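Next come two complexes built around chain A: one with chain B, the other with chain C.
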Partner chain A sequence: MSVTGKLACAPQIGDYHIIADMLIERCLNYKTMRCPPMTKRTLEIGARHSPDMICTPFKTTLGNFIEAAEQGANVFIMPGVGCRLGFYDILQKQILDDLGYECEMIALFEYIPTVKRLYTSLSAINPDLTKEDFDTVFATIARITLDMDKLADFIRRNRAFEINKGEYEKYYRAYLDEVTSAENAAAAESIGAAYKEKIESVAINKPNNPIRIGMIGEIAAVVEPFMNCYMEKWLSNHGVEIIRVGDLSTMAVAIFTVDEQVKNSGGYVDYNIGSTANDAIANAYKMAQSGIDGIIHIKPSSCSPEITAMSILQNISRDHDVPFMYMTYDTETSEAGVHTRLEAFIDMITMKRGLQI
Partner chain B sequence: MKKAYLGIDIGSISTKGIVIDENNNTLADSYLWTLGNPIQAVKNVLNEIAGKMDGSYTVVNIGTTGSARKLIGTVLGAQVVKNEITAHAVGTLSVVPDVKTILEIGGQDSKIILINQGVVMDYAMNTLCAAGTGSFLTSQAKRLDLDLDDFASLALTSENPAKIAARCTVFAESDLVHKAQIGHSKADIVAGLCRAIVMNYLNNVGKGKQIKSPVVFQGGVSKNSAVVKEFEKELQMPVHVDPNGHLMGALGVAVLCKASKEETSFDFSITDIDFVTKGIECTHCPNNCEIICVYKNGTLLDAWGNRCEQGAQK
Partner chain C sequence: MKIGIPRALQYFFYEDLWLNFFKNIGIETIVSPTTNKEIVKKGVANSIDEACFSSKIFIGHVEYLLDKCDMIFVPRIENSAVREEYCTRIFGLYDLVRNTFPDAKILNAEVNYLYRKRESNAFVKIGEALGKTKEESLEAYQNASSTAESIKAAKILKQEELLKGDGIKILIFSHAYNTYDACIGKEITDYFNKNDIKIAYADLVDEKEAQALTKEAYGKRVYWKVSAQLIGGIEKYRDSVDGIVLISTFPCGPDSIFNELLIRMIKDKPILSLVIDELDASAGIQTRLESFTDIIMARRLSQRTPSKHVRNRR
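Moving on to the complex of A and B:
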């Protein structure tokens, strides 16, 4: 039974809205809707009603919420953790109220990144939510997050080489559709395993030593294709194996294990520099040691943790002789400029390998 | 017939063309203003080149670079369409094989390319805005009522350049006005501006990059000797400016053409063909993709710019 009159919406950040939707539907009994797919209009509306100098994810998520509100959504979901993004829900609720959209804003973690806190904030809204039920739901979505990130990671490494273009995407979409109905973690796991088999058996023609590019950076810019001008698609079309970190499961682990990330950063950082920047550095260090061809660091405009990370990444680049490319996205980023830089980056790596461009 | 290769670099401000032979010798070149009409500019460049060409050569391969490379590549049926970073690196290496650093400040963008043993190791390009590029210098020269040529010679006379904030053109311009109003001489202001361009470049584009000699400076701004002098002072190493520096992008794609296996027979009479472009906004979704259609004598040659199939042009 769903709570009457509640229609919840999570922002568009890759495919992760399915995780938020499951959590809200099963723990709060709210109905959920997907926000209208992000377009230029989303960015324009979001930017128009946002503080000018705030980071881009504030604008995109606000744009998502306004467009969803226009279609009847009245409950909005924000993570409530991370960098200052953890506090965006407060201001966004104020803005939505001022615009006349009466709404409820849920900050999932209420500024403390623990599973216990998630239960506390959800049970405050739905007092009937038992710890047992919550645990079942949480185990399910945790399983799905891990599985979808693993499948997507495998696909990114191989998409450039698939023989029948589009097969990976087809299976991945089918997996996402099917897994949302999984009752518990075990069911989700078996759906994941079935699709893993399908995805791993897709025919590919992969050379021995393809160009390998790492992608690191801020989650919303790395994960959401619209934000980074479909960079992964471009790279795959140009025969590149992509090794991406900074998806939801690695980010969740990173936030819970900041000390670990700092320790794994090869001495490049001594203390927590905020949000996923520790993770970006630890992973860049690992990638650089693994002999990767190049690393692309992606961030939204005015992202403070990743700006801090950039100066440190330059040291990693110099010490390990790995080229880095830094991309900053805002609401006015042109695809042509992105493609020019990507093409030059790949040309450079090709020439470095002594191959003809 | 001997084989020749044509490279064209269509920038925001100027359009450059060059024809080379098998040994990278220049057979003909041309350098004209784009004047907001890349297709016409290319036609003019091609006409000028055709007039300079020796009849015993035939162009077998064409390459384009610069911000209108895709449009012109389509119009001319180019075999090589390359980004300007790769093109500049390849072009410069063919002239200065031991170059280690290429500084480039053009009309609307600036870049740095680091090279080690003939291979590009790292590069960076300005992001987001055009602060400190040629178009800014031009507009400031106009505001100060100076010719671009006088600009450099006046700046060189200054002994005490004014300090100008150069991080952002808007701030730089208000700073410039301020310095003039409190009584700094024009020479000091202009010299300060040249210095500001250099500092802005090194702090933004060149941030964290190790600049090693030999350094080659290119792009329209490299013609400004005061900026060259400021670079030398700041880097404490000689900065080379090739008189043909503006042709390096075009030369780069011409060299890349030579390596490309595909051959065609190019006819300079293409300048008589009527090419029309049309920009349309797709209305299928709120993305409103900007689609560019290119027509050759009235029939659609190619179209691009749509993010999805809905915007495909027939």
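Moving on to the complex of A and C:
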């Protein structure tokens, strides 16, 4: 019973396209497709048609949309809130129009990302969508987001130490496949619980005091492995426990708890400094106090709130003697370059540990 | 007691209000000089590489003032109404300065209408910190505020007069802190003045009128206060000018979206987009200004047969 002729596509940001797809399929009855996996070509076309000064996620998501449009997609999904992200939809629509793709752009929110606003936007497109149906769908995707973030977080902390390599990944992929068919929140929850058990019983060999690295920063760059050059995979392969903040579920909460984060930032900031940068600072402070070995701050090129945050993170680094690595992702970033820096960072941490003992 | 005011970023939005307020409560102020090479150098040295040029200049002005006053005035202004905000670089300034110069004494007050922290309350707080009573500060604020408003209204009127007149006219689309900065916009406005080209500024427009025009043009509320105002200015004045000049500093968040949108949406006026950074390149800018001027002159000459699609993109 899908609306004929409509093929919707969400950009590639980690695995979260499954959430967007469920929302669109179930609330608007549009067919959805996954955009072609991000490659160097995606970046190239995205960058070619984007303004120079814009932040990198604009270029990658535009590349996603163009590649999807080549394969027939004609409805694109953007959040429509955030910092510059709030205006991606109007500019990308204009660029796609200029390129001659006939398409529709759906902005899920306007100005403030509330559930009510989401319902208003969706019911404006599909007048048959009842509040009850929407609530069921929303409860389901909220459950899935929470579950997948929790599972992924557990995996990140332990992947380096699994005995049979690849087991976690296998279960996690299976979970994502299975959960997309969940009819409601309860069904999603039981699938989540079943996989939680499987994932927690994977055999690991974890040393007492492994190197622990924190990952903080801007959500797109932290969450999308292509954008951070498969950093998590590299770190896991080198025996590092990863503590990452900034997945969708924590960010969704973070947007509404800015005052809390400012309070928890150890006096480094007095006010909201914009977007998710407060969350980065509060978490960096918390991690620094917990005696973490090092923190990697990741952001796309020209992300202004995170640039403000960097000035402050430098002070946290100095005051708490925590090494920081700042990684800026743009369309020219090479995987080899990033891995060399990671190697040096881990070497330095290992030596620092040696000195402390 | 002497208060230092950095001549950068917010200063250009609030110049008349701030200076009159401090004058009214009888506090001595020192405004840093117009941006010069030395200030730029200091700003660049104390900033993150990737920060925008305008905020590097701000940091340079703060450093200039460090040993010349008792306190530096860096208020934290998030918005001036609900559902709008300044760019994050601007409302993060206070925390940025505090972390860049931990020993600096900062005179601060918060303006955030989302939390009912009004501008008037902020000035009462500032007055308190300087030993003035609530009544004194409020009166000083109200006087300063009405002075600032009438100055702006007069400027808008004057600009509307200018646009009614003859001659070649261009419209500058640029944040006030770039347009009027000696190291960013001055070279460009000087060039047009020298060549008898009249300059209108997109930010000289009534705020409410601008918001309405912007919403009409984009079908969506633009929540960046300055951009919304500038776009409203473009919508209002574009038909009465010969060309539009966009001036940005590298890398500007709001401009990266709206400059591109304007270039793509406005097809009937020549547009020149200039991006300025700390790598001084006057010769390049001069060349581009000359060719832009040639284009608008040529269009004037051939106005009986206007070519609709002359565009100038960088």
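To be clear about the criterion, the second predicted complex is superposed on the first by the 354 of 357 C-alpha atoms of A that agree within 3 Å, B and C clash if a C-alpha of one lies under 4 Å from a C-alpha of the other, contacts with A are read in each partner's own complex, and residues count from 1 in each chain.
We adopt the following convention: a contact is a pair of C-beta atoms (placed from the backbone, for glycine too) under 8 Å apart; a residue touches a chain by one contact, two chains touch by 3 or more.
Keep in mind that what you see is a predicted model, and the values were worked out from it rather than measured.
Undergrad: State whether A:K352 touches chain B only (first), chain C only (second), both chains, or neither.
TA: Only chain B; A:K352 stays clear of chain C.
Undergrad: Name the contact category of A:S311: first (chain B only), second (chain C only), both, or neither.
TA: In the superposition, A:S311 touches chain B and chain C alike.
Undergrad: For the overlaid complexes, name the partner, chain B or chain C, with more touching residues on chain A.
TA: So, of the two partners, C touches more residues of chain A.
Undergrad: Kindly classify A:K286 by the partners it touches after superposition: chain B alone (first), chain C alone (second), both, or neither?
TA: neither
Undergrad: Quick one: classify A:M53 as touching chain B (first), chain C (second), both or neither.
TA: second
Undergrad: Does chain B (first) or chain C (second) touch A:T328, or do both, or does neither?
TA: Touch status of A:T328: both partners.
Undergrad: Quick check on the superposed pair: does A:Q94 touch chain B, chain C, both, or neither? Answer first, second, both or neither.
TA: Only chain C is touched by A:Q94; chain B is not.
Undergrad: Touching A:T39 in the superposition: chain B (first), chain C (second), both, neither?
TA: first
Undergrad: Would you sort A:E343 into first (chain B), second (chain C), both or neither based on which partner it touches?
TA: Once the two structures are laid over each other on A, A:E343 reaches chain B alone.
Undergrad: Please report the chain A residues shared by its interface with chain B and its interface with chain C.
TA: In the superposed arrangement, which is not itself an observed complex, chain A uses residues 301, 311, 314, 328 for both chain B and chain C.
Undergrad: Spell out the part of chain C that touches chain A in their complex, as residue ranges.
TA: 47-48, 50-52, 76, 78, 83, 87-89, 91-92, 94-96, 98-100, 102, 110, 218, 220-223, 248, 250-261, 264-265, 275
Undergrad: Enumerate the contact residues on chain A facing chain C in the complex.
TA: 50-55, 83-84, 86-87, 90-91, 94-95, 98, 107, 110-111, 268-275, 277, 301-302, 304-305, 307-308, 310-312, 314-315, 328
Undergrad: Taking the complex as given, what residues does chain B use to touch chain A?
TA: 67, 82-86, 89, 119-125, 127-128, 207-208, 210, 256, 259, 285-288, 307
Undergrad: Name, in rising order, each residue of chain A that touches chain B in their complex.
TA: Its residues touching chain B are 37, 39-42, 230, 301, 311, 314, 317-318, 321, 323-324, 326, 328, 330, 336, 340-341, 343-345, 347-348, 351-352, 356-357.
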